[in-house]
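Both complexes below contain subunit A, partnered by subunit B and then by subunit C.
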Partner chain A sequence: MGILKLLLSYLSIHPSPLRNPSTSLHLSQQAPAFLSSSESAKDTQETWLIYEQLLLSCLRTGDDNSARLCLQRLSDRFGVDSARVKALTGLYDEATSRSRGELEAVLQRYQDILKEDPTNMPIEKRRISLLLSLGRTEGAIKALTSLLSHSPNDAESWAHLSSLYFTQRLYPQSIFCLEEVLLILPNAYNIFARIGEVTYISASAGASNADQIEAFEEAIKYFARSVELSEWYLRGWYGLKLVTGKLIQAKPSDGTLGKMESLNQLATEKLVQIVSKFRRNVKGWTGFDEAEVLAAKDLIDRDEQKISR
Partner chain B sequence: MATIQAQTILRDPQLFYWILFPITAVMVLTGVLRHYATVLMQSDPKKQELNAISEQRNLLRGVNLRTNHNQIPLSSFIARKNYLVAAYNRGDFLKDPDNKGKPPANPMTDPAGMDQMMSMLKGNMAMMVPQTLIMGWINAFFSGFVIMKLPFPLTLRFKSMLQSGVATRDLDVRWVSSLSWYFLNLFGLRSIFTFILGNENSADQMAQQMQQMNPAGGNAMFAPGQDPNKMFLAEAENLEVVGGQHEWVLDGVVDRLLKTRV
Partner chain C sequence: MASKALISLSTILLIHSCYSAHEHSLLTPTTSLPLDVAIETVVSVVLLCFGIVLGNREELKPISWSVWSGLMEREKGCGQFGYLEERVGFLDIRAKRAEFEKWVKGAEEGS
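Entry: the complex of A and B
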């Protein structure tokens, strides 16, 4: 297979290669081969997407030379003034900078670009990430809020803002942002699970007992919705099992106890199935994230120990 | 009345090579040419100012809230609804707050409107000019005889259109001239164009016609002929109306989930 096809098929199996160190490494190792091949000169949309992914993965693994070459070719094709190319150049400079002073210089450059052209969204987003890397979370939150005031349909930014609020322990605001994401993407089952998680965490962090129970019930509803939308969603079942377990412990007697126990059992069954099939490498069941499967196994074992005691 | 005996006419087998093939070939080639010409003639999307973008996107936010309001709890929905309705009524997101009461910009004078009208015009021209040329060519070269028999019967009214060069009274309407072959090709070649040129090709006149018949589609909000303030007020009203029926999708979700277990 030509190297272009190879890379495309790799990216279709691993759509977000940068999440995982091993896939990023794998991808960046292909970079020198791709860059020196003749197929890299093809002018199709797919080729340029591959260039972008290669650039990001090479920066991730430290292969600055290949990254530089990718960036060069991208700017030759699309011009140095294209918004996206400017953002990628900024990203390259951030990644290869060696001192805080250099990072501040890049930040200043972003502010200048934005002063000239306030509609440049990729640069706005880069500026927010850079503020975060410099540790200025409040500045990043302010910048994100101003981005969202003129582009309230950007689900990615709402999700980012939610995670920032979460790091600052501002749970109601975090949930507000996640709800905005739901308004844009109503079938995002992962967001439902996330709201469940944030609700559970904020309840455990400090409410009174009665409020805790109410919050747990709400979290359970969110997790239930996420698995209603996606039958084998591991995070959803994990959350269900965990929170129903806590609720059963906390509430001695109530009409809904039966339902909670059935839910707990259902969640346990599903998790057991996922874990066993993943372990045995059954076809079609190997797409789960290994760390998540290990956590699920851990939870199952913990609860079994409790029962056997 | 009995024209039960089928009318048969002996046809020259050379008909096939000299008429059907050439017409089809010419139509395919002009379709491909038209597609590339349209692609080349498209001008770049115009850059918009930040407050114009903000206006459009905030209106979209209201639409999203209205469409997906069942995904969030009632209290969240009400909070957002109150905020948005108040903001829309005050005109917070308007690009030109001074233009509130004035009539919408005339497309003739407004430069933004001009661009959109020009691109629509170019699209229509690209469609019509080749069609007219080919029809003229067919009438010039291929008139005066019938070339094929349609497998399905038609009423008499079609005679004048489909047998244009042949003036006989008794000839069955199923015998048609080459112009009808042209029409058949016009509608039938769409799938071939999709095969050759990929899905969104400009040789597809059906898609264009559907777009013209559907003004409520995406372009309505951004067309210069609309008054943004009125749209905001309309959206505010829609939000008020929809507020009455809120069914949180999470109500009863546990029961639904447990039911599937059975």
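Entry: the complex of A and C
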């Protein structure tokens, strides 16, 4: 099998190689072989996709030489003025900066580009993430809100703004942004689960008892919707089990107790199935995040202890 | 193999029925098409469809959205909306690099 095919099949099994270090490492180790092979000269859509992924992985693992070569070929093909190549070049400059001064220079370059072309979305996004990386969260939020005011149908930006608000503990704003994502992508089950999580966290952080129960019920609705849209969404089931468990503990006086218990039981069954199949390495069940599975196991064990006590 | 045989058989039938229809229109242009030619056309097309579907090498995807996205979650750990959590456009490459260095160090110490 040629290296191009090998990389493509690897990417189809691991669609987001940046999520954990080992997949990035694997990809970047393939980079020199791919770059020196004859297949790297093919001008197909797939080849350029591979180039972009390799560039990101190599930057992450510190293989700057391969990264520079990828970037060089991308800019030869698409021109240095292409918005996407400009953003990737910026990314390369950020990654290889050694001092704060160099980063400030990169930021200044972004601002110059934006002065010429204020609608350059990829560069605007780079500027925002660089601001964030330099610790200027407030500036980043301001820039992101203005970006969203001129292009309000960019789901990625709404999701990012939500996470920024979340780090500032502005939970209602964070939920608002997630709801905007849902307006654009009504099937995004992970966003439903995320709203459930943020609702749960904000209710746990403060609020009186009655408000808390109301918020928990709200969170349950979101978790339930997320697992309705994706039957093996671990985080959805986890949230459902956690929050229904809390509500059962609070012993609601109205007739919702039975419903909560059956929901809790259903979530437990699903989680037990996920944990046991993941641990036995059953084919088709190995995609879960290991840390998330461990957390699910923890939750199940804690619950069992409570019952046996 | 079965699909290839089915496709060739149904193609021959289809060609045959077209030929019959053509001959019929030349010989007796005023009467309507005989029933057996019509039946042959329909049967050959149905068989051809079956043959093509049977010959599909790729696994068929589930029709139901929730089953399909559940499958993606448990096989690949990343559904169709994973990019909303990853957000490559806002990638903080310096943090990712630092995380990677830490991971490598941890792996070296662990081994």
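What we mean here is this: the second predicted complex is superposed on the first by the 308 of 309 C-alpha atoms of A that agree within 3 Å, B and C clash if a C-alpha of one lies under 4 Å from a C-alpha of the other, contacts with A are read in each partner's own complex, and residues count from 1 in each chain.
One rule holds for everything that comes next: contacts are C-beta pairs under 8 Å (C-beta built on N, C-alpha and C of every residue); 3 or more make two chains touch, one makes a residue touch a chain.
Keep in mind the model is a prediction, meaning the values are calculated, not measured.
J.: For the overlaid complexes, name the partner, subunit B or subunit C, with more touching residues on subunit A.
T.: C
J.: Just checking: does A:Glu228 make contact with subunit B only, subunit C only, both, or neither of them? Give me first, second, both or neither.
T.: Once the two structures are laid over each other on A, A:Glu228 reaches both partners.
J.: Kindly classify A:Pro152 by the partners it touches after superposition: subunit B alone (first), subunit C alone (second), both, or neither?
T.: In the superposed model, A:Pro152 contacts subunit B only, not subunit C.
J.: Which of the two partners, first being subunit B and second being subunit C, lies in contact with A:Phe288: first, second, both, or neither?
T.: The second partner, subunit C, only.
J.: With the two complexes superposed on chain A, say which partner A:Leu59 touches: subunit B (first), subunit C (second), both, or neither.
T.: second
J.: Quick check on the output: what are the common subunit A residues between the subunit B footprint and the subunit C footprint?
T.: 228
J.: Provide the residue numbers of subunit C that touch subunit A in the complex, in ascending order.
T.: 65-67, 69-97, 99-101, 103-104
J.: In their complex, what parts of subunit A are in touch with subunit C?
T.: Residues in contact with subunit C: 13-16, 18-19, 21, 24-25, 56, 59-62, 87, 91, 94-95, 97, 121-122, 125, 128-129, 132-133, 155-157, 159-160, 181, 185, 187-191, 194, 228-234, 274, 284-289.
J.: Which residues of subunit B touch subunit A once you look at their complex with the stated criterion?
T.: By the definition above, subunit B touches subunit A via 47-51, 53-54, 57-58, 60-61, 64-65, 67-72, 76, 249-250, 253-258, 261.
J.: Could you list, by residue number, the parts of subunit A that touch subunit B in their complex?
T.: Residue positions touching the partner: 118-119, 149-153, 176, 179, 182-184, 186, 220-222, 224-225, 227-228, 259, 262-263, 266.
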